[in-house]
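In the two assemblies presented below, chain A is common to both, partnered first by chain B and then by chain C.
And then the complex of A and B:
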């Protein structure tokens, strides 16, 4: 690559461009993060002036906390939505890429949930899944299922119902990325396979799926991280209930801090969340080099 | 399949099947709008209202649960945050993309690592700091942090790096400084990228529930997501009203999506594939 020596002139300008942003990042991200790391080792409770250094007590408490372990289980169920939405998104993108009319309209229909995300959508789903009269259970009864699930109202099904909403919400985003990735799969590769007599299923799973594996890997990692951080939909629909069955880790942190005001302990749990995200990110760094076919 | 044969049957069939699948994706929106126009006795009993009942929407915009202030609060917070984020991110993105200064890579690594910090880690310290700064329970608690977007710096940096360097180089050799190049050359070229980021960032602020939940307590400051939640907590059997209120929150986003669809989809596709 050609050297661009001019880029190294006026270095002061580089600092000037970044400084305004850096001030904000420092004030609203870096300092709070360091502050939070310190809180982890205290028993700080909001509005309680007696704060003392408690060393590793919060960590010990966390590893003996049943609610913490339950939150991990719920988070794991929540994360199931990521691979499910990936596979569905891949299939939709595959079909939209080659064999339909009205591609733009269809793409818009599948993408719409993503842009209109948020609490309002959560409330719509709350009514759609309403157990006794809601349209989903009415439809299930109509096709002959006498006692359809209680969805958000039942602690055995609530987390899976949340997964359905999450898959619906993420599908369009993943589809858009897959569509972009499929554009890069060359027509020649596809044609060569067809001439070799490969069937459609073989082409899809033996040729196209491996070719888009970098995209799948990226979406899997970013999807897991994003899903782990988000609790808005759950807070809006169930507030973590019924009987704690949808309290995922991120929501557990929020509740510990702002419902019970145990802010020191909440900081500890939040750093566990960070540790999980860190591990996923490291796996991504290593994995990008090793497992992905380019 | 013969591409010259006009409409192909199999392709038509697949299109119809996909339209049915797509309809399932948008059914929640249609049901929401339909229910918002039904009378209380019709809810859950039919798909379409027997006649358009505007009273639910009237109840949302006037009377006890007036959404006008929530709307104004959301507009204020989202517009100022987005304007600030677009400008400040573009500024920093140019610095990272086009100036080679000492410590640039280290600084960029700091930005990268901040992406891993979940918002739950910094809620508590922000809560304490905002109390000290006297901005807790004010819109500034949402606007000030909202003006700094790490995602925006990444996305715009990506775009600026794609602008041919020769363009900036020749301007530089003609004696233009970095600021002149940024304002006169790069910003006009980056309009599509700026629009994409602005739309994504605006929708993020418009839908932001978690920060509002943590940092706002006075009902008169509530943004739409909190207003909506408040309405539902106090009227939890008023299903028609709930759906009218939800429509009020969602319909502007649908409108923005329909207008800016091209920018949004291209922006999302390009920001992730190269990542």
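And then the complex of A and C:
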């Protein structure tokens, strides 16, 4: 009994310590989130005091909204950047984990994009991808491709061009985490495999890749969530254009809310986005048993 | 299992938080750029101590150093009892959101300037713009002239338009002379302009550049004449004049190559005003705000004279074409401000000449109490011979039937998406017009 009350005291001290943080989360995250849930059922226009409850009208509108469906497609293409970036990061980490010249410098260089300002990055890529005299298309013409893609200037390629930027942007971060994971892979296992006659490819994909699967899982889950929400790069490069071809869901929410001030509808779409992220995360969580080896 | 529950719960919290934080973060970033309060008067330090002193905050989108600072400095020295501070916001989504938030939450924003009717409309809906028609000591119609009425909302003034809005074609007179082309007449058409552009283009010189803000000037002026919708309430977006105009631009891009291809201009964020002043284009479609740079010979050196032409009509027999222009910079008093009388006093002073220091950047006062000679003198001080006086007088200081765009942002964006598809060769012209009309109707229904 005595021990129990001591425990309690201890607990209260703990709660007291996290209280400031909890108050912050409650005030700035949880209450606004619940508020936005309520807004789903209203026609609230930002700053406009005339609000009325409209029931499920916003949901109905969402499922009839062509722009919304297009935004889902664009989001799906944007998410492709996550697995691509993971595989590339894994390969880069493998190479940099071995003894190569200028290892430290190369690591730094790969990590650099992640710490650069998003807007600066956006401008660099706009220059590189400039359709008529940007270096990428100049190079493509030089190797004989007469009409290289328009990249950001073409509504068919803009989303993929954004993917390339996103892959490049995430590469350094993913690589660093993989590098850390590779330190855990024991040399003995690799040696044993070599003695058993496994080649380099077999070792990489049958031994190392499964051994770092918890890292892959972590990066995949966080990567998908981050990518789903992020639109800073798109906003800086294309503002969702040309002709809406790079408007992903999160950007659509932003536009609806802060350009059109349709807070009710924007809340509805953002809760849909939340539901999608939740479902994807649950599916991954269940699916991990099949391929993640702790 | 327990662990996974915890993970899910915390994940959902983090996700929700992230969603909100994402939005908030962006707002903050904008704020950093926009909120540097530029009140030189703050240094006086006694503002808090003297109880009788009233402090007002004026929100506007013109950089403080381009005139507003001089305006409020003059006011503050004349009116020791009412101190005005200028706060610059950027006139984009982020900046307007910041102003609307300040207005809604009752932060310091006693006076604010709106730059479009749709933005002002939202502020009126929110109940933060005072009805200025109710004031008996100032007759906006009489002071500002007939164009002011376009700023009325439900028959009332919630913002007082203070400056002359102008949009026209800037011409490099040297290039026109070299090509043997006269300054075009006031009633020229897009076909004329197209022919001019084709003759004027050279290697590394475009015939025509269009500033973003003027890109739809002809579309807007045409629809202002036709009306958004026809008698049956159907969209008027599917009209022959728009078709002809879009076709002309498309030809100029892809056939004549006298204006940049749309995708090119879009993705390289062409600094069209700088290019024009550097002699990389013979004509530029843009507003009066270019004067700020054109008058600045130190940073934008050029040795050619600039002449002016009107924004062309689509066809010679087009009826009811309205010219982009009229009045702008609608100054409002916050209906929730505690110092409305002081704010109104400042507003009248500002409109009736207080704003003159902004004239050198192209903002000419619209009030009849201001001598236009004085404003023009300020505008052209030291650069008199850089402009062709005749066309300057006819176009820039001429008077044309104007309009204020009142199409909602959603419809403007939908229209833009559709004509972008046409200019990127993803969609033919008829589909483009049909889609514009369809999406317009979906919105108004």
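One rule holds for everything that comes next: the second predicted complex is superposed on the first by the 272 of 294 C-alpha atoms of A that agree within 3 Å, B and C clash if a C-alpha of one lies under 4 Å from a C-alpha of the other, contacts with A are read in each partner's own complex, and residues count from 1 in each chain.
What we mean here is this: a contact is a pair of C-beta atoms (placed from the backbone, for glycine too) under 8 Å apart; a residue touches a chain by one contact, two chains touch by 3 or more.
Since the model is a prediction, treat every value here as computed from it, not as a measurement.
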Contacts of A:153 with chain B and chain C, given as first, second, both or neither: second
First (chain B), second (chain C), both or neither touched by A:25: both
Which partner, chain B or chain C, touches more chain A residues: B
Which of chain B and chain C A:274 touches, first, second, both or neither: both
First, second, both or neither for A:97, with chain B first and chain C second: neither
First (chain B), second (chain C), both or neither touched by A:259: second
Which superposed partner A:215 touches (first chain B, second chain C, both, neither): first
Partner chain in contact with A:282 - chain B first, chain C second, else both or neither: second
Contacts of A:232 with chain B and chain C, given as first, second, both or neither: both
Touching partner for A:241 - first (chain B), second (chain C), both, neither: second
Residues on chain A lying within both footprints (that of chain B and that of chain C): 25, 28-30, 32-33, 36, 46, 130, 225, 229, 231-232, 235, 250, 253-254, 257-258, 270, 273-274, 277-278, 281
Chain C-touching residues of chain A, taken from the complex the two chains share: 25, 28-30, 32-33, 36, 45-50, 126, 129-132, 150-156, 225, 229-232, 235, 238, 241-244, 250, 253-255, 257-261, 270, 273-274, 277-278, 281-282, 285
Residue numbers on chain B that touch chain A, as the complex places them: 7, 10-12, 14-15, 18-19, 21-23, 25-26, 28-29, 31-32, 35, 44, 88-89, 91-92, 94-96, 98-102, 104, 107, 110-111, 114, 116-129, 144-145, 147-148, 150, 153, 165, 168-169, 172-173, 177-179, 182, 203, 206-210, 213-214, 224-225, 228-229, 232, 239, 242-243, 245-247, 249-250, 253-254, 256-258, 261, 264-265, 268-270, 272-273, 275
Contacting residues of chain C [partner chain A, same complex]: 4, 7-8, 11-13, 15-23, 26-27, 93-94, 97, 100-101, 103-104, 122-123, 125-128, 262-264, 266-269, 409-410, 413, 416-418, 420-421, 424, 426
Chain A residues touching chain B - in the complex, by the definition given at the top: 4, 6-18, 20-22, 24-25, 28-33, 35-36, 39, 46, 92, 95-96, 99-102, 105-113, 115-121, 123-125, 127-128, 130, 133-135, 138, 168, 171-173, 176-177, 179-181, 184, 215, 218-219, 222, 225, 228-229, 231-232, 235-236, 250, 253-254, 257-258, 263, 266-267, 270-271, 273-274, 277-278, 281
